[in-house]
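Read through the structure below, which is laid out as structure tokens, and then see the notes.
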């Protein structure tokens, strides 16, 4: 195929509507006779509900209905958990609390009213009596806590899992040094700028329920909500309209989605719920939440002999869709981009009285990368080696791919030293070190941090995923010659309407503007899996390529018939099939195929193709990030003075979109490293409950990001793409922390837990305890 | 987040406004710009029954010079002060402090009077008002009175304004020649509120020594305060690095500092000294 | 209890009877159906609800509709048209200054205000000028470039 | 949150102690307390109104005095709930004689929940201190008042408290 668009910085086709405010997010859609829903949520972390009195609320102006757990628990199935693990305890998870509340923000009652103001007013009129119970908050102590959240389980352990290969005891025993460190991955809030929201409409005659939801996975949601509501899946339509960011937080099936559907069915009127930001911080999934202990063995020359990671993973009070699976992704990626003969991860996953954790951008891999990249720096410090050198000594060479890790993965392709060298050159690493030495003499506190990461993307083979790891695509050339692409990978800001159009335009030789990429509506688009796990282009894009190939084959046969030639003799270029001076355009072929007056007898009319792509393996993007930081001796303030990132996500469809993904990912990492933390107090109150206390990075906090790429194609798919959605979030955090720890190494610091707030650093510098 | 119901009146004269306030006593609340009150109402932490919007009263938004004073109407927005070329010339502390409040949108709508009357312990204006020895004019149905900034801030969200009083004007003595000023702030990264904010206004004598200094500090304690010990140490001192540092070290003498998640009391006290030193240094340039 | 107000939005005068507690952003979105102005935080931090009232960028989630009585409001829908985009809109498109698009209208309004006040801002000035707007997708770098583009284009 | 502090009151210890456990006095001194009714021995139901400034939160709950060792110490437990959230606290109050005056040392644990905890963390320490100071200042006035005088009024607090948490007041009361 001619690459007119692929590889180019094509401006996004979705932008004109968005920059004019003409896109439609859930709350922008209004239906006649629509009602509004507001939730009463628990203000206790753990309590028994002794009574609920909704009578006053029911009589409030505008109120149409009030529902409590008693009303719905036998009518709506459980909020689903899709992760399967041996001996996993799955708590009964109802859409509204019944006898107990388990976390601050746990929904207790839903008020339905004629407008959002009336719904909100009525919430204050519901009287709930609670008997407060002790809250389980500390992650490390949860397993042995005498308070058991789900009593029938007997303890707070959701599961225990040991994973990894190699003889870890022998590996650590053979080491010249074993470095140990406790390490905390704090809880984070994904904070998609658009909070969640659901609009539900039920047509009693047709018995059709339609849900508009701000979701990353319309099809999976349709299946799950149909099960929860006990309605035929083919009578449920889910539409993900414009989705204002997800970062994993909308890769889920939430209580509110099923409940709104049920309410619409009860009342036979459209109902809408739009999450407030306070609700979003309380009751949309959280990310990270691990406390782990590293043991890493090394030889005097820097060779790593083995790694053990014993981790307590905070599930929260319930499992959401993938909650228990997230730590397993950490386990898979612990080898980083190094040859480590023995790795063991021992997970103790615990229930606590907090919102569930789940997939937040990176989903378990940032934790793994942080563990191994911090560990490599600690090894370097122990051996008094340059951290770059330690990394180099443990890289597999490009020839060693596919490279098998002791975590059971086969890395598809890689040139780790290539990305590292390019980043070192861009940053002028040796000069940085010289400058650092000089600055230290002047009393400055400057650090240089490096992270060389690899991540797991293109999720993924179905055998390794809970709900299918494939993706689908349909391509249709309409009678007028316009091209429709239907993708099951429903985007929420990634720009697939553009990148998939680029792929299709090149393949069919048509103008980009003649292509419409349609997604997010289960009634229009064939079943698909969704956009998450940096999979959309690698898996969904590949399905599209396959569909385009099939469509082209069909078109070739139609064209050959029209041109009265053999299909093999046809050339297809710039949208034209030609042979012997005769030619026909794909648009003409499409029309002929639809008119069907002159088509081969053995061919069906119409011009379309649908294909599903099942990847054989994951892909493994990688790269190197280098960060220079300076700490203000007086205040502990950190300034990131240089940021260099070289990422390799395989082949690139649109460099502009790739850079955008990297930028955004890095900035979320800066957030985790320096600013963000969800804090529950020891009673389980979420005290960072608004954006006044939970610090999302602002423009002025961010340094200029110097980006470049290397390009190592993936052999896993014909496009050679690997995926880029999470790379920035995975690679950046340890580079920032390594930089700051490096800056503080003269003060005897070898490790610090995030977020690295000024007060913490000031105390170290000034030894103020 | 949606406020509870309330009634709303937008009087067009100050007399009308104070009459409404005295009539509705405890149930009424003054709406100035609304950037402190409306968020609290949306969280339903504030549920006034009546809002008296003073935004439609003509003649409460101005910056003028009169009687040796700068007079600023209570409804003057932070941005109006930030962008005043005249103030930058005669009293740069005002625009400098204004420009560090919240963000652009907040500065466009929030008012100096609203902020001072709210007396948030981490607001920027109280520090500046203290360092500038401002007099705050309060109007009620009983008449008008002046309250010195030093007496105005009573405690957390508590001012010397009495029931029925509206803050109408801020009067600031026009700084003398050879006055140096600065406002420096450590901002909380999420909210933008001052973890510590230090406002300094100092007058130098012909020889360059500090004749008198006024230092207002916000963010540290339950209310903004004048750092008397710093001022005393600066008075008559030569403004060299060592002297400034020694004076700034007294920034929290006798002050009961508060801590929160982001910054402990101990750290705030330390930051106060650092920012005092920096602000004094900047003001003495 | 309801108050009669008249607000000019994008050049069109609207007379409405509103509850005093109706937030301006809800007037725009729910009453006038101008849904380009978004709500992202409700605590006056994120700036997704930014509109321009009488030349001043403000957060419409922290303003009562009654406060806007008599005012002239410009929302994203009134800033430019597809055929005649505002330079800041154009900059966002050219420089990939948006991903999910949710913060974008507010960000563009804040950017337009910034250029009204500083015609050739430095990168630092742009970053500080956007301190009232959060974006979770782009990392801001392309937004800075978008506004620089608009500044050069406006000349 | 831990709160602790000391307050010197220039009145003798017996008087201060009896003021501190007298429900009528407590009702007058606990900022915003509208009602304090005995429901059992040393157990009271309370109604508090954070009716100052813009805030009109009403909290209902219980106050309990325990481990009473007149005139040197007792323990106070407060529990209340209202629309903006809840408050729970328990604390030791110790009274020592000091040159004819009484030194009160209080130390306890206050927990707030609901909206106030979720959005007000930066103000909680300051609020608790403010309430404590006001409570003990009022107690001092009570203890110093002569038995034949009418009880002092603490209307000062009503206007002084321009902040948003009546619930915190109760924190300090215990």
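Going by the order they are written in, the chains are A, B, C and D; count residues from 1 in each one.
Throughout what follows, contacts are C-beta pairs under 8 Å (C-beta built on N, C-alpha and C of every residue); 3 or more make two chains touch, one makes a residue touch a chain.
Computed from a predicted structure; not experimentally measured.
Engineer: Listed by label, which chains are in contact with chain C and with chain D?
Structural biologist: Chains touching both chain C and chain D: A, B.
Engineer: Between what two chains do the most C-beta pairs come into contact?
Structural biologist: Chains A-C share more contact pairs than any other pair.
Engineer: How many angstrom lie between the centres of chain B and chain C, each centre taken as the mean Cα position?
Structural biologist: Measuring from centre to centre gives 28 Å for this pair.
Engineer: What whole-Å value do you get for the distance between chain A and chain D if each is reduced to the mean of its CA atoms?
Structural biologist: Here the centre of chain D sits 49 Å away from the centre of chain A.
Engineer: Provide the C-alpha centroid distance between chain B and chain D, rounded to the nearest whole angstrom.
Structural biologist: That pair's centroid distance is 31 Å.
Engineer: Centroid from C-alpha atoms only, then distance chain A to chain B, rounded to Å. What do you get?
Structural biologist: So the centre of chain A lies 44 Å away from the centre of chain B.
Engineer: Identify all positions of chain C at which a residue touches two or more other chains, and write them in rising order.
Structural biologist: Residues 19, 21, 42-43, 45, 131, 133.
Engineer: Note the residues in chain B that touch 2 or more other chains, in rising order.
Structural biologist: 1-2, 4-5, 41, 43-44, 188, 190-191, 261-262
Engineer: Can you list the residues of chain A that touch 2 or more other chains?
Structural biologist: Chain A, residues with two or more chain partners: 116-117, 124, 276-278, 687-688, 690-693, 696, 698.
Engineer: Can you list every touching chain pair?
Structural biologist: A-B, A-C, A-D, B-C, B-D
Engineer: Can you list the residues on chain D that touch chain B in the complex?
Structural biologist: Interface residues on chain D, with respect to chain B: 51-57, 83-84, 115-116, 119-127, 129-130, 159-165.
Engineer: What does chain D use to touch chain A in their complex?
Structural biologist: 1, 83, 85-86, 111-115, 117-119, 121-122
Engineer: Okay, in this complex, where on chain A does chain B touch?
Structural biologist: Contacts found on chain A: 116-117, 120-121, 124, 276-278, 634-635, 637, 675, 679, 687-688, 691-698, 701, 757-759, 762-763, 766, 768.
Engineer: Touching chain C in the complex: which residues of chain A?
Structural biologist: 11-12, 14-16, 18-25, 27-28, 30, 115-117, 191-195, 242-247, 274, 276-278, 492-495, 656-657, 659-660, 662-668, 690-692, 696, 698-700, 702, 704-705, 728
Engineer: Could you please specify the touching residues of chain B with respect to chain C in the complex?
Structural biologist: 1-8, 10, 31, 34-35, 38-39, 41-43, 51, 53, 55, 77, 79, 83, 102-106, 108-109, 190-192
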